[in-house]
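Think of it as A, B, C, D, E and F in the order they're written, each chain with its own count starting at 1.
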């Protein structure tokens, strides 16, 4: 059986409790991009993984994220504690105040219960690593935004530490993916259909002062790209009994 | 206002309806890696996007995924239709049979209702593009697995087409991310803490016949990596009154 | 305080327990169109209702649905009971077998927990009555489909009784709506914009062997209707660099 | 394959961004009565529909609702944008601020993720049309209430347009239902039990200053109605050892 | 068929409506520890129960909780009513204001829809009674906290009544459990493994100024307890290439 | 910061993989009474706990349950693995087969994603301990039922070990509760209303061949109990126009 050791991570300090900021911090405790989501995504991928080396990686980082769950939990608890007895503070998060007595629970900032629907686990190692790279990027930006909303130094220190570790993990997962040596855009075993795979369909079209303009870039021109126009203009069936056009019709009315 | 044009995509053909396979196909209609999830993730990112060129990309692919939702919906409907009146077929998916009369709905193969908790939308363009690259990889492997479970040629043709397009999108999102020209591992504006960002914590340790062995790879050695051992062995507090070790204790009993 | 009296409803009889059918019956116990949904929708509307006469109606039917919850619960319990100890029967609904020991719980046939997201409660009496009419129609068709999947006479008798009552309620809610004497299509206080309200937009267009043909009917022609064609054909921006049409492109490839 | 064309709808204008109102607007983006719910309900019904004429209707309106999803999304985005960097604004919707950076996502005003549990899809055409009529009525009253909470003229214009279209759709669905020519209260194929179907059970009874009075109306008298009293008073088993009545007991104590 | 009689409970009085407090009250209407949860947990357990005497108990209290659902619903409705037309009040709970027009619905204070995932129903009578004892304790503390957040006398009276009844039920469920005469810690039929069942594993260890100290108490010493130390210190595999310890490493950086 | 050490627990052995049993095992991995639920409930309570001794207890058992999550995960993975490529096996759990490639994820046996709505966390220590005692009882009976559905010896050994530990924890939580020395039925600080707290309301009454008989027991007689009859029979308002009783009416018809 595997076992996990969570190492000493960080001693949390809060200079000034702030219930409304504590509510925001719940995003990283019980939210979609938070520490439980990270810990569970990597650990469960690790259980499923048949590659012993990258299984160790998944377990290492999964275990570290569990220790971060405690760090963010303790930090959030410090901010939410004043809620217990004060009506004014309780309004910052009535769910935490009434159900939890000011204690943390696995909710996000909107009081939605944590759900495993947040997780991306496919049992295909390279796909899972891509999901993890994206997950770390999301966690990083989430910590950054939280830091934009507080000036408490103890809190900023803890968030800076946690934010930093997300970049560490992003680097590690990227290196692990590259070390697999798979060709670019090769996923699984079944190859895509040649030709079709290189067609870019220009499906949305903007009109008017706020519409987006069709754009060209390396994502639809150059290399093997073939830019294909939407077929509607050429092929669309003549409508039954057109009277006038909605654009004109709606313009004068609404 | 933007508008979307869904182009003619594909004429679906099913040679032999198969209710239990229809149930599996629901994954790509109303499941976590399915077409609605893709369509909504990219379209909503597009609404939030301030970069007009990549906004067009997000809208183009978001719109294409909506048309794929119809393709997979029509295909799934053909497989599920026999459920309506036959008890034996109905057991393949009682929810679809009893609630839907054999019609599709936005459930996955386990009958869980589609939820926006599947989506990854941060409003940070490069982060969103990473989430999309991972999402396309997941969709690709899901289509591949579905193809492993059917031999119906019409169905295989449609799934091959849809699977191919996921690789197309993966290429486009990757090109769009690279075209932003951001430095590697640079997310948002706040830099990680130097030093700490390069430490790899060896947090999980395996023992015994099935435990994972600590591994070294480009994800924790070489370059700027510093491998750091878990502090438990050195620092852990002496326990209150240790009697014997659980490993030995449990071995003889369970 | 209001009080509810649930009357004697029905003595349930099951001639031959059938675990897989018991699983289907859960739709009307803990499912989207089931008895708890009906009971809660009407009772909560009743609590919010300021019209004393129709409040009584909502409470009467809400209370009756609660008694139906017991009827369907007892019936379902009888069908699921053999699950407790038999592996083969347990496979019909592992959740009920393992978690419930063969007892009913507020799940639907797919094991999704009952959720108040099923309910439609607006606090606008005529709107709520319309939601209730539709809810009764859905409950009726659900009972009918369940009856199509069993031949057990005791079960059929109970379902026939419950199905009948849904029509009773549909009639009562319709009469209550009509008795309000509101003009057709008048909802709330703010009138719709004249002209715009009479425009029918022909937004979807079918092409090819399976495409739907534009249709005319009393829903878009006659009376005050003005049929308006989608503006895309006339107004759409010329695409950046169209090469060829996707319809042709995709046809030969996939 | 069907294809959809979303027409040019409306150019959104916001004179004064208002984060707390933007939070409210999310109801019509990712909420229970919102545009995604409408778009998905009608489009999925359309995929399942075997009646080619009403299938076209379902696809037309489903497509129009998708375009409304964009309208309300763009409008909401304009109101929420200031949240990104301002702590005070961020408190209006911490989930949107921290997770979305001020961008919209498919949540309602309480931050609950959109779920397909909101949808009513049965695959029985006339039943689905009734669900749609009720859905349009709910959407209309929701827009009206939103209009009561803002004075921003650009916003009011957009909401008036969207609100108007709900009435249009309500008319169209009603005409489509009537055009089927089904007898009143005829749902499916199995007839209700005569006699039982005409009984109205007087199940709830009010007592005291706030209790509801039993009421008579066209929903329980006249025509074929038979008003039936709850059997409890006549039939109830004599309790084991009654001491005194709870009404009296509780009155003096609480 | 069983039938329920909800008795006259309580006439609710609100002296001063308070929308933000009304939002908090929703916890006991549609929240995790609220009256619907209690009513459903006991009633459904009652349907599954084969012991006629305790089945009567479950039905009695389940029915009483349903009447409490009305009490708390009416009380909450009175507090929320002003929301309908006032923007300022509406901000206290936008979901209730916009979707419900100021009427109650089965949400908790964070706007999460009630879910049967709150319920604990196993079909094993003594286990269910233990779940009920805990549920009543949670409901009691929830009412107490709500009372701490209001000074409205009419509201306090109602909450005191409801809070009192939870203690009543806790006593009744405890007596019913004890009356079964089961040996302590005997659940189901399969006995635990001797020896292993008496081992307490000292798995968490605290270090530093905020870490928890290993504690001894009747839960791990005395009687048959055997305190067992975590095996990590003795058995852990030597790591691949330890450089230095994370505790020291992290201390100087973050 | 606290740190957790998960000790060596158990080496899992499966003699004969069984996909349908693997599906059932998911209950204890990602289900309502499973190991993640236990681990999170106790650990989060521990974070909130101000009593250092019982905080250590909560952390010890929370940490042990995390290690059990790995044990059950590895065991379940072994049973589900054959699903990856075999259509017949895949039908045992299409979600696991198609989304997970035969790997475990945090779903229950019905494919519902794990949700924090399963957790009971109040921040009131004695209340939390009661919730934990009940949780352990549920987990024990769940393991026992799983054991009834397999004959694989390796699997039985692992389940016996895990089942045993639940009894250990039940004993520890009970001892911890008793060690607090609180008077019986004393929860929080506000006392219940004397008199009212001792009244047992006889609210449900059974009639006929399957109705429950009113029962007397230590839960409603003896000691301070006062048995109170439902007030409906004495006080109920005379109905508007009773015609005949529903019991008689329905009997002849349905």
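Simple rule for what comes next: contacts are C-beta pairs under 8 Å (C-beta built on N, C-alpha and C of every residue); 3 or more make two chains touch, one makes a residue touch a chain.
Not measured: the values here are computed from a predicted model.
Engineer: Please decide if copies chain A and chain D contact each other with the same set of residue positions, more than half shared, or with different positions, and reply same or different.
Structural biologist: On the two sides of the chain D and chain A interface, the residue numbers are mostly different, under half being shared.
Engineer: Among B-D, B-C or A-F, which chain pair copies the contacts of C-F, with over half of them the same by residue number?
Structural biologist: More than half of the contact pairs of C-F reappear in B-C.
Engineer: Quick one: report the Å distance separating chain A from chain B, using the average Cα coordinate of each chain.
Structural biologist: Result: the chain centres lie 12 Å from each other.
Engineer: Quick check: how many Å separate the C-alpha centres of chain A and chain C?
Structural biologist: 34
Engineer: Residues of chain F that contact two or more other chains, please.
Structural biologist: Residues 1-12, 32-33, 67, 74, 99, 101, 107, 110-113, 115, 117, 122, 124, 141-142, 160-161, 164, 193, 196, 199, 201-202, 205-208, 210-211, 213-215, 230-232, 235-236, 246-247, 250, 253-254 of chain F each touch two or more of the other chains.
Engineer: Can you list the chain B residues touching chain F in their complex?
Structural biologist: 20, 23-24, 27, 31-33, 108-112, 141-142, 145-146, 148-149, 207-210, 232, 236, 246-247, 250, 253-254
Engineer: Contact residues on chain B for chain C in the complex?
Structural biologist: Per the touch definition, chain B meets chain C at residues 3, 5, 7-12, 74, 85, 87, 90-91, 93-95, 97-99, 101, 107, 110-113, 157-158, 160-161, 164.
Engineer: Contact residues on chain F for chain A in the complex?
Structural biologist: 1-12, 30, 36, 40, 43-45, 47-48, 66-67, 70-71, 73-74, 77, 84, 99-107, 113-117, 119, 121-124
Engineer: Please give the residue numbers of chain F that touch chain E in the complex, ascending.
Structural biologist: 1-8, 32-33, 46, 52-57, 59-64, 67, 115, 117-118, 120, 122, 124, 126-127, 130-131, 133-134, 137-138, 140-142, 144, 147, 160-161, 163-165, 167-168, 170-176, 178-179, 184-185, 187-190, 192-193, 196-208, 210-215, 217-220, 230-232, 235
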